[in-house]
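Two complexes come next, and they have one chain in common, chain A, joined by chain B in the first and chain C in the second.
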Partner chain A sequence: MMRLGWWLIRAQLLARRSATALSMLAIALGVALGYAIHLINDAALADFSRAMKAVQGEPDVVIAPRDGAGHIPLALVDQLSRDAAVAVLAPVIETRVRIGDTPLLARLIGLDPFSAALLMPTLLPDQAADAMGSLLDGAVFASPALAEKVGADATLMRGAARWQARIGGELAAVPAGEKLLVADIAWVQAHFGPRDGVGEIRIRLSPGMPLAAWRAAWAPRLPAGIELRAAEDNQARVSNISRAYRVNLNVLAMVALLTGAFLVFATQLTAVAQRSTQFALLGVLGLPPRLRLLQVLVEGLAIGVPGSLLGLLLGCGLAVGFTRVAGGDLGGGFFSPATPVIVPQLLPTAGFFALGCLASLLGALYPAWLNRIQPLAQALKTGFAQGQARGGGHARGRDALLILALAVGALALARVPAIADLPLGGYAAIALLLMLGIVCAPLATRALFGAVARARLPAPLKIAVQNILQAPLMAQVAASGLIVSFALTVSMVTMVASFRTALDQWLDAVLPAPLYMRSKAVPLPAELLADLARADSPFQRVERMAASSFSLDPQRPTVALLVREIDRRDPGAQLPFTGAVADVAPGGIPVWISEAMQQVHGIAVGQRLRLPLLGREIEVTVSGVWRDYARQFGAVVMTADDYLALGGRFEATDLALWPRPGQEAAAQTWLRGAATRHGVEATASGEIRELSLSIFDKSFAITHALEAAAMLIGLFGLAVTLAASVGLRARELAMLAALGFDRAMLGRAVVFEGALVTCVGLALGLAAGIAVGAILTHVVNPQAFHWRMPLAVPWPPLLAVAAATLAAGMLASGIAARRATRLPAAQVLASAQ
Partner chain B sequence: MLSVAGLGKRYPGAARPLFSELRFTVGAGEIVALVGESGVGKSTLLNCVAGLEPADAGTILIGPDAVDMARLDEAAAAALRASRIGFVFQAFHVLPTLDVAQNIAVPLLLNGIDAAEHPRHIEELLARVGLAGFGPRWPASLSGGELQRVAIARALVHRPSLILADEPTGNLDPRTADEVLSLLLERVRACHAGALIVTHSRHVAQACDRILALDPEGLR
Partner chain C sequence: MRRRAFLALPPALLAGAVLAAPTFAPVRRDTRLAFPRDHGAHPGYRTEWWYVTGALDAPRANIGFQLTFFRSRSGRAEELVSPLAATQVMFAHAALTLPGERLLHAERSARPGLGAGYSVADCGLHVGPWSMARDDGAGGERLRLAAATPDFGFAFELAPTQPLLLQGEHGWSQKGPRPEFASHYLSWPQLEVSGSLRLDGSPRPARGRAWFDHEWSSAVLAPGAVGWDWIGINLDDGGALMAFRIRDAGGGTVHAGAMLRDATGRQTRFGPEAVSFRPLRRWRSPRNGADYPVEEEILVGPHRLRTRPVLDDQEIGAHRPLPVAYWEGLVTLEGGLRGRGYQELAGYAAPLRV
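Moving on, here comes the complex of A and B:
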């Protein structure tokens, strides 16, 4: 029995080499894309956590201010150090500094060498006594990435504060790429503050002290504005930063695999159709029905197993190649561009292999079932029964019901809120929409071909159309494959175009000034601000903003705090609000939150919030929601006046500048000079705009690769099925030729039929694609990335792809028709048994 | 070898049953011709006997152990066909992707017989149907008469107790038809199997041991 199965598979694979190779490639492509994305993301994430661990050590608990600008009071440090359950307590002050008047920015970490030796040994110079001594004496040690750029001395600057520091040596153990400086905590405190506290405390608990119990004991004793993060919180935060992005890429790759499954489906269905008489014969001779099913499934696996293996190899190569050339970031901008090491792990590798096999099995399932249920006597007599338009009104009613159910299901799923921060409902709705497209294929084929059949047509065309009406299965399959792949392409193109259009409009709204100046999270030098304030500066208006961050949830990425010079009475002049702005009672503090903030934390306009700022919890009122495509994890805007009134220090990090009329050129020159002098960034709004759009394009480059893969696989499927549907009728075509029909005319009829089938696929694919695109923009994007945008369908590229596909479909039909009508009619009629 | 009683069949949607209350037997080593006008239901009767078409009523006892085909499910019917029945069709029906020897080996494989024992057995059988040395050839290179000889070898290779043949010479020219028919009869007799042969040819019918004529009223 096994031997018989093997004979059949071998014969099958040999007889249909090109279709088999194409399906194998399609599966390989899907697996390779998914696997490569997984490997790259995994390596980048591992790299990221490794770097974080090297710098942070592996404390059990970190106690940190929730406000990025805040600190831990010394009294608390004292209290904690007296807890017997605390084995090691390492106070740390971390701040960002500029080195000299260069654009070099570094993290300056102040630590206590004795506790750091136990908790963060990588941050200490070699244990030689003189190095430790010089650290205590105020020497600064640099990571390899910085050591090569700084000399024996360096001026460290932050706002108005500066420290003329001596470089004591290199920290060889710090991972490459990290730009950091380490100094004794007392020296950092003396130069940059905070005077009466430390930045954060890293703690290792005594062996035997359960973390949960310790946490429960301490959490209530911590002052407001200070949070306790366990190691796993940190890990969750690191992973949460890029999780949605990673999941989304994987879903896209799975979609490529799904189209691969569809190609296996098309291949296996034609394989079953072409061999229906053979299978019927085997059944008559006594091949058990179970094996008729199994044989086709195994044939699917015979495509899937090598395809998946090839995919794993390809994916691994792709991942290694990509990281060599472009580093560990796939375009999301979450990971460093350094080259991470690709380490395939057994479980995920097995998982992707299984997915590839599953896809091929899935594709073979329906053909196998059709093969199982073919009535033997009939199939032996007349060949493959192509799911005639039997059932009539009954089947049509069932189809309509199914369509309704799928549509309602998709709508309902699209309204499901995010589950575990992932748009699972949206993804499921997309799957239902694709199914909906496929289920509509028979109805649309029947409708279109029925209408065409009623028209006055030349005889060969009429015969071709009649043929599809009577035996629509292959046409439906061809159309369905196209529906899936074209829908995916349309949806991704639509989503990206909508996003880009929205981004473009948003950039207009948020870049009102002609010039900008920015210093990443480090306050701008005081002298620069003083120069700008002088009467002879070429600027008529300068608007300042101070950006920092605070933590609302220890497991989630931090939220940006933007303190801006905003007119309380008219915030709409400076912020692109998405809805109405609520008035805030005179005594209250208004804040305006970004859409991301609104969604991540479920906050409504008019709601009161308690924000952990300035070492305490401050009650504010949400007065409006504005669009922000820059900060995925949320931002809160507060007026500088309110922030100052609360006791905060307004240290500008960003400036928007309006030159005096007529002095635009002078202003630019002035600004560029100041930027080089102080090592800050100065850009024209046009440059920011260009840069933002180019970053956007780069981050979606990979989706274009996935689109192309899906479309290519779809075209393969279309060609294979159209060719097979013609091949199945070689005998009929030969008979028509024998009856005296002109071969060229017959060829044209087949091309006409192929064009109609392709049109059905394209039309349904377009409709399903726009619907899926709407789900991507209105459900997946807001839920996964917290951006909202209006839908914008980019007709010209979509129509161009459709036209190219139509041409390809007609070409495939034409070639198949040529092949079918080329043989002498007598030979075909004699051999087609 | 075959004992049919009370057999009735009506296709769904047909105005009247094709036949009902049919009763006949085919003994071991007996060759029975089934004749009748086109469309009367000969092929349907054969299909019912083979378990390819469900019978509405009756029993169909096959083989020395008299298993009732009418009461078997699809899988058991397939197993019974594989072990007890050999087929020869009008349209040859040889698998084009297997060579001649492999085609003949199919029934053995379906019966789970060790593949290693085949070559000599199949060579002998090929020689007996006049196709010595044809084992490695592909069906596409064979003539109709040769194909039907392959089909005969395949129908007999697993020593079935019943041979069912539906117009086995219908697609052959008269001379080849004669040769193939006498070969079939000879081989069936040699194997001591029973045979039910549907035919339009009076000549063929007369060469059989007994003739059953099917008409709308029943068997005669």
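Moving on, here comes the complex of A and C:
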């Protein structure tokens, strides 16, 4: 029996080489994609935490101010240090500085060598006594990446503060690529602040001290502006940063896998149909129905196992190649561009393998069942029984009910809010919509072919149409594959196009000035600001902004704080609001929050918030919500006047500049000179715009690859099923030929039929695709990324793809027809007897 | 004296003075000490330490303990205007001798303001949660000690039974052949110890006798000196004996001295000519090969004495701020005077540079 099974599998694989190979490839693609995403992300996260460990050590707890302007008062340091549960207390002041008048930016870490030796030894120079002493004496040590670029002395600058520092040596143990400087904490404090405090405290608890208990004891004693982050909070924060993006990519991989499953389905279905006579014979000879079912399932696995293995290899290769070329970024921009090391782990690898096999089994399930229930006698005589067209009002009513249920379900799921920050409802709605498309196929096929059949047509065409109307299964299968793949393509194209259009409009709104200058996370040099303020500068207006961040939740990414020179009475002039702007009572502090902030934290206009600013909690009122595609985790805008009134320091990091009329060229030259001199970035708004759009395009490049893959799979599926359905009718075609139809007439009939089937697939695919696209733009994007945008359907590319698909479908039918009618009709008819 | 490993630090931390050239306060022979002010820190001087060593009778006999705080004016960052400037650095050592078993040791370091602190008005010290402080409570004057490590921990209350013992001339203690090598040095022998000791997880009541030393100086070892031998013994009859010698590379004595206060409170000071040390039995460290004279014959004036350690291996390997090994442990004193106390043997693992 085993031998028979094996023989059947071999025969099946050999007979349907291209279809089998294709199914394998599709499975492989799905597995590879998912696996590669997993590997890359895993490696990037590991890389990130390695770098973090090297720089931060592995503290159990970090106590840090919740915003950039806050600090840890020395009294709190003293209190904490006296706690017997604290084994190591490492105070740190970290800031970003510009090195001299160069574009070099570095993290300057002020540490206490006594505690750093226990917690962050990689940040200390060699334990040689003189290095330790010179550290205390104010020498600055540089990581390898910086050591080669700085000399014996370096001016470290931040805003108006500067420090003429002596470089003491190199920090050999710091990972390559990290640009950092290490100095004694006191020297950093003396030059860059904070006054009477430190930046943060990293704590290692005594062995045996439970973190939760310690946290519970200390958290309520900390001032409002200071938070306590456990190590796992940091991990959660890091993982949260890219989570939505990863899940989205994985869902795409899942889609590829499902398409693979569908291809297996199509292949196995045609295989079952084409071998129905053989199976019937075996059945008559005593092969039990159970084994007939099993045989088809095993054949499915025979596609799935090599496909999955190939997928794992491909995925691994893809991951390695991708990280070599682009780093561990996945196009999302979340991690450093360093090349992480890909290390496959057993369990996830096995998981992805199983997933591939599962997909192939899933695809083989229905054909296997069909094979089991074949009526033997009829199959022996006339071949595959497709099951009669389920005519009659009853079945049609059931279909209609199912369609209604699916549509209502999809609508309801689309309204479900994010679960665990993931748009799970949206994904489920998408799955229902795709099913809806497939369920509509029989109805649409009947409707279309019925309408066509009533029309006045040449005889061969009419016969072809009638044929489909009577036995629609193969046509429906062919159409279904196309529905799914075209729907996915349409939805992705629609979503990306909507996003791009919205981004384009948004860029117009947020880049009103012709020129911009910025300095990453470091205040702009004071000299530069002074030069700009001079009467002979070629600018008529300069608008300043100071960007920093604060933490609302230790497990979530930080929220951006943008302090801007905004007119309280007319904020709409400078911010792209999405709705009404509420007035704030005099004396209140208005803030304008981004859509992401509104959604992540569920904040409404007019609501009062307590924000952790300047080391304390400050009550503000939300006056409006503006669109922001730049900061996924939320942003809050406050006027510079309010920030100054609260006691903050307004140190600009970004400038928008308007040249005097007629001096545009001079202004550009002036700005480029200043940028080079001070090591800051100067760009024209057009460049920013181009750059933003190119970043956008890059980050969505992977979706284009997926679209292409989905379309290819769909097309191949279409070709395979069309060919199979034509092949099944070889006898019928021969009969028609014997009746006097010539090959060209028969070919036209088959092509016409193929075109109709393709049209059904395309039409339903387009409808489902636009619906899915709407869910992606209106549900998935806002829930996963907190970006809202209007739906924009890009008709020209969609119609072009549809036309190409139609042509391909017709071509595939034509080829199938040629094959089916290649043999002389008499021979076909004779052999069929 | 009490020089410890601490003085043996390579010039890095302690003698950064050369660069910044801070002016350290000199030790003056005519200084008269006043209390509680002089229990507090003297940050103008280069180095200072507060040492408590003792022997417990409960929970077990002859458990030795010490808790020590060092303050070092590093000579670094003297010009820097910052509340965090590391002009001063503090180190603390805690050790426990389990007779017949082993010595447990732990150390901490921090700068004042960032995990450490000292008072200039009275004895009030901490490095992390380890602390040593004096107070005048309802029960009278007390020194309180607290230290905890994963292996052991203690919280002791030390009650004086005798007045302070000012070493040398009114607390001016000469350390070398020439008077510029000297320190301010005071001891507090026969302190009654009560409190709790944690070993193997659970704290148990403890009692015993301790010896307190407080010493500060800016100029320490004379040229040519490589190490020293020192004892501080609570005598069984209520008396107290301190004796030291400073050795050169050949094992010869560069300088020596001793102070005996008998049970009646009569103090006798002995000069270099009246004090000598002679090794009787040596113990070789398996870690670094240092040959420590763990039993010594000590002649102090008319008294012929010998030391016997409760455990041979009482070598301490300190790592902070830099690795250095020395022997410091609980011994019993036999011969003409009998008692228990601490002996220190420094400079045997490697010559100490100052």
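Operating definition for what follows: the second predicted complex is superposed on the first by the 831 of 833 C-alpha atoms of A that agree within 3 Å, B and C clash if a C-alpha of one lies under 4 Å from a C-alpha of the other, contacts with A are read in each partner's own complex, and residues count from 1 in each chain.
Assume contacts are C-beta pairs under 8 Å (C-beta built on N, C-alpha and C of every residue); 3 or more make two chains touch, one makes a residue touch a chain.
All values reported here derive from a predicted model rather than from experimental measurement.
Of the two partner chains placed by the overlay, only chain B lies in contact with A:377; chain C stays clear of it. In the superposition on chain A, A:282 contacts chain B only, with no contact to chain C.
By the touch criterion defined above, A:534 reaches neither chain B nor chain C.
Contact with neither chain B nor chain C is seen for A:456 once the two complexes are overlaid on the shared chain. Shared-chain residue A:84: touches chain C; no touch with chain B.
Of the two partner chains placed by the overlay, neither chain B nor chain C lies in contact with A:17. Comparing chain C and chain B on the residues of chain A they touch gives the larger count to C. Applying the stated contact rule after C-alpha superposition, one finds that A:569 touches neither chain B nor chain C.
For chain B in complex with chain A, the touching residues are 43, 47, 50, 52-53, 74-75, 78-83, 85, 87, 89, 91-93, 95-98, 102, 106-107, 109-112, 115, 140, 154.
The part of chain C that touches chain A in the complex is made up of residues 10-13, 16, 19-20, 74, 76-77, 80-86, 89, 109-111, 113-117, 126, 128-129, 131, 146, 148, 150, 320-322. The part of chain A that touches chain B in the complex is made up of residues 1, 3-4, 7-8, 11-12, 15, 277-278, 281-290, 376-377, 380, 831, 833. Note for the complex: chain A touches chain C at residues 74, 77-78, 81-84, 86, 89, 91, 112, 114-115, 117, 129-130, 132-133, 136-138, 184-187, 189-190, 196, 198, 206-208.
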